[in-house]
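We just call them A, B, C and D in the order they show up, numbering each chain from 1.
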Amino acid sequence: MAFAIRKKRTRELLLIWFFLAPSLLIFALYRIIPLLWNGVLSFEFWSPYKPAEFAGLYHYEEMILYDDVFWQSFWNTAVFMASAPIGILFALVIALLVDTPIRGRNVYRTIVFMSYPVMTVAVGIIWQWLYNEDVGLINYILRSLGMSGRGIPFLNSSTYALPAVIVASIWQVVGFYMIILLTGLQNIPQSLYEAASIDGASAWQRFKRITLPLLRPSIFLCFVIGIINSFTNFDLIYVMTDGGPSHATELLVTYIYRVAFKLGQFDYAAALTIVNFAFFVFLAWLANRLSGGEAGAVEST
Amino acid sequence: MLRWSFLLNRYVVTFGTIAVAAALWNLYIAFNDDGIVEGRVVGPSGQPVAGAEVILSERTLLVTEPRQRVTTDEAGTFTITGHRYHRVWLKAVKPEIGASPQTEYRLYFRGANLHLEEPLRLEAGAS
Amino acid sequence: MTLKRLTGVAIGTAVAMAVGLGATSALAQSQKKISIMTWNIPYFEEGMKKWIDLYHQKRPDVQVEWIDKKGTEFSTFYQTQVVAGTAPDIIDIQGGLWLEYASQGGLVDLTPLMQRDKEYTAGLYPEFANGWRFEGKNYGVPFYISKTLLFYNKNMFKEAGLSGPPQTFDQLMQYAEKMTGGEKSGLMTLNFDWLYWPFFAVNGIELVTPDLKKAAFNTPKAVALVERLAKATQAGVINKISWTGRWVEPNGAFAAGNIGMLHAHAPAYFWFQSKGPWVNADTVGAANFPGGWSTPNSHALLMSKGTKHPEEAWDFMKLATSGEGAFIFGTGSNNLTGDKAANARLMKYFEEKIPAVVPALKTQLENLDKLVGNWPLAKDAQVKEAFYPELQAAMMGEKSAKEALDEAEKKVNRVLQRR
Amino acid sequence: MTRYPKWAIHLGLAIICTLMLIPFYWVLKTSLTGENIFSYPPAILPENPHLFYYVDVWYSIPFFRYLVNSVVVSIIVVVGNVVLNAMAGYALTRDFTGKGSVIMLFLSCMMIPFQVTIIPAYLITKELGLLNSHLGMALPLCSTIVCIFVFKASFDAIPKSLIDAARIDGVPDWMIIFRIMVPLSQSAIATNIILAFIWSWNNFLWPLIIIRDNDMQTLPLGLARFLTVVEDTTGALYAFCIMVLVPGLMIFLLAQKQFIAGLTSGAAKG
């Protein structure tokens, strides 16, 4: 009997790993091996034209001690990440609105979601125009309302550029957030609200006591997506500002790309990649420590 | 009879409609892509001009290149056949009278037949 | 269940399509083949066909592959191909990108070939050919040429009571100031690569020492110049887009008719003409920058080190950059080439077809001894990256000129001294 | 659930939708008029709209060929995602040693930006002999982490009793999956289809790197044709953007019902 159970268990384990294998293989080929490659490269002097030479910690030293742009892009990435809650809050409001039993809510949902499937390049080009200092729509409206004399050069000022890019990025992803939150909302049993109403809870109390807690896994999933976004959102910045002006919108990912392919320092870019990755692993660990149960919720979403 | 009802879902209907529309459009194109341009050339006062040269040009990057030339008949009408463009420029010239401004005609597909409602009007003195 | 059925149909379609398409692309691999990679000229399709026909008259047995990439993705694609050992044989490069490849030994030294084919080499402009020389070796042959010049809006000149283009730098700034007001600003420049360097050259400022080892730009004169330019920028005399826009924004603004003078290179003309219907010979003038200084922004054809057929590739390069081939390119892309004879023919062609652009094109062949901003720096891209953001910060009023230049000097020196 | 009057909700949503739609409106308007978007003041209504920029797009690039390539790649990606993610998602619903590490591994893989993997990924694809092929373009996207978790959550939501009952009856594992779990996870499948389609459809840098053959290019690569510096291609550029957008929207609209339900089980039933 014990043998039979063990045999069954072995078969099950085989099945599990067989099922995981294709996905693991794809990730190994396209994520993990490249990451290891970067790891090796970061300790070498290397270019496409020359054999590699051992460099020790040269690149890491350069980065941490001398490279202001690295630090700036590091902070920009952190700011970008910290802005995720704004988008999520906005999405939450929309989700609550389209969750009400009103006519045409499917139309509203579709419209809000519509920005997500647009090619990022197109999003970049159109927002570039919206923000344009002389002819952009936003400045046109501001001027028509008499709120500013000369146009505000949103993307050309180191003060406004990063927030401006963040707004465009939120515009693009808010529909995606909304859908996630909306689905979370729809899963909350109506009976809970009814019971709370009978107990005389106000709308705000019901929101705080029922909606928010039960929505936590969805909100957390949004956060994860927001954080991924701040690490991988490349196209939008590339098109809108190319990291400028004066690196005001440089994120780690755009900086790595610039260093590798525009400045031809693949070895240095590899070191940046490793630090970028370490930064994320640290964040994940921190989130895990701080939120305990929440990370478990992400695992199961 | 019920067997075919599974075809009535939105996927089949949507893609089917698109396929049918595309097929119809291609059918329409097949019957109308002989590259025929028909029209008339008139003088400044509206009288038909015989023997005017009509030039069909294509635009390459930034300059227009003449591709075909025909001459109008007694009634001032002309017919160009076999063009393969989706944007054509037409201009009529008769040295003794003048020339019409080079005008762009955009078409919905390559080689579409074009029947000019408005005649090409020569302007005195222009060339 | 709908979804399941859909999935089944989808798999079938995908497999069928993949098999069908795969079969066609698997054919014909055994022949000798050279590949040429160009820089954002996807519209040159017809001309490329003519080139290949011409080439086949001489070498009927060699297949030619054409790849075209946009400038922003060009180096990403190329360097990936280099690592994989499948680099295109011939590449068309703009700006200083090639210097890095050449300094690391990634390009073929064309000097022996150019010396061998004297007749061909003699037909090229030596000034433009020398722009592709690094440490005494020629790595490229000029393909199409352009350099900066000053376009000016004649309507705005008239309104401001000005006639003719400025002759000195002070005049340039005065004119710009006169035309500024309301929506209008007097001056705009393109800023990518080193296109703005004539502003420094006309004031006698050098970027690096002659041995290319140290920064030489941090002088009181330079500080005064940067202060002046920054002040003009803050006052709107120089449009801010000069320091932030790339191509579309500055040229688009000029096309909108609100810019007095635009410091750009010749191809800009076609672009803003297509956006601004008002642009013609009577409304837009073209002149040399004060002092005749200009930054070349030319393209060259270069050969990758990994090429298996250098002779075949060299024949194609010669064909594309001289005689009939160069003429085909000039008419197909509205550019001047590096070949003197072809340019003489092209000038006639432009005079007949697009007379409005002729004044701008004429400047391209003048003052060839006053080209600046084309230092053969092995780390050109990194130097640019160290210098420009600081200059930009000063122009946007975020740093004082002194601070910015100090910082830039420190960074540029670090790049030049780093391994 | 709420006591706000309906007109207020409609008003709020109308404002939000307007904000979301303005950029779309502008793309659409410019694709119909081709005007210089850098002219001032901007024209709010299109003047003399026409469809000819769409015709230009069709002929400027081998549109149909690119479309077919895009469709093929997207189908491979969508099928790959549905099948492989379902398998991985199912595996993650079971208990086994190393499960925590696998999940951590998946999560950290999400954070490696594609841009830093270009060169090694290219070399690997070359070794696999998949350069210049549809499968080569599709493979890196064939399994995505977010979607694996969507499946896992959806499977988790299926009552254990149902599966146990089947097991006791001696139904083999694979049959349980295909006869019980997959039919009950239509919404997760819809989610996978939509997201995988969008990601694959808009993929730009990877096809750009591994495709040399003009016949193999996908639609987003056609973008370069409309960003040249010598021609006025504004109208065509925006028409192109619309033409690329439409299929994604269509898939969303078609699968919307299941999609919303799919993310529901994905997000909340943890």
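The rule is simple: a contact is a pair of C-beta atoms (placed from the backbone, for glycine too) under 8 Å apart; a residue touches a chain by one contact, two chains touch by 3 or more.
None of these values were measured; they are calculated from a predicted model.
Q: Between A-C and B-C, which chain pair shares more contacting C-beta pairs?
A: A-C
Q: Give, as an integer number of Å, the spacing between the C-alpha centres of subunit D and subunit C.
A: Inter-chain centre distance comes to 36 Å.
Q: From the mean C-alpha coordinate of subunit A to that of subunit B, what's the distance rounded to whole Å?
A: 50
Q: Take the average of all CA coordinates in subunit B, do the same for subunit C, and state the distance between these two points in whole angstrom.
A: One centre to the other, that is 39 Å.
Q: Residues of subunit B touching 2+ other chains?
A: 11, 61-62
Q: Give the residues of subunit C touching no fewer than two other chains, as numbers and ranges.
A: 43, 76, 79, 83, 183, 249, 253, 256, 258, 270, 274, 333-334
Q: Quick check: what residues of subunit A touch more than one other chain, meaning two or more?
A: Touching at least two other chains: 132, 134-135, 266.
Q: Can you list every touching chain pair?
A: So the chains that touch one another pair up as A-C, A-D, B-C, B-D, C-D.
Q: Please give the residue numbers of subunit D that touch subunit B in the complex, ascending.
A: It comes out as residues 50-52, 55-56, 59, 230-231, 250, 254.
Q: Applying the document's contact rule, which stretches of subunit B touch subunit C when the two form their complex?
A: For this pair, the touching residues of subunit B are 6, 9, 11, 60-63.
Q: Can you tell me which positions in subunit A touch subunit D when the two form their complex?
A: Residues 12-13, 15-17, 19-20, 22-24, 26-27, 29-35, 37-38, 94, 96-100, 102, 106, 108-123, 125-127, 129-130, 132, 134-135, 137, 140, 171, 174-175, 179-184, 186-188, 190, 193, 203, 206, 214-215, 217-218, 221, 225, 227-228, 231-232, 234-235, 253, 256-257, 260, 266, 269-270, 273, 276-277, 280-281, 284, 296-301 of subunit A touch subunit D in their complex.
Q: List the residues on subunit C that touch subunit A in their complex, please.
A: 72, 75-76, 79, 82-83, 100-101, 104-106, 183, 236, 240-241, 243-246, 249, 253, 256, 258, 305, 381-382, 385, 389-390, 392-393, 396, 398, 414, 418-419
Q: Which residues, counting only subunit C, touch subunit D once they are in their complex?
A: Answer in residue numbers: 1, 3-4, 7, 10-11, 13-14, 17-18, 21-22, 24-25, 35, 40-43, 65-70, 73, 76-77, 79-80, 83-84, 86, 183, 247-249, 252-253, 255-256, 258, 267, 270-271, 274-276, 333-334.
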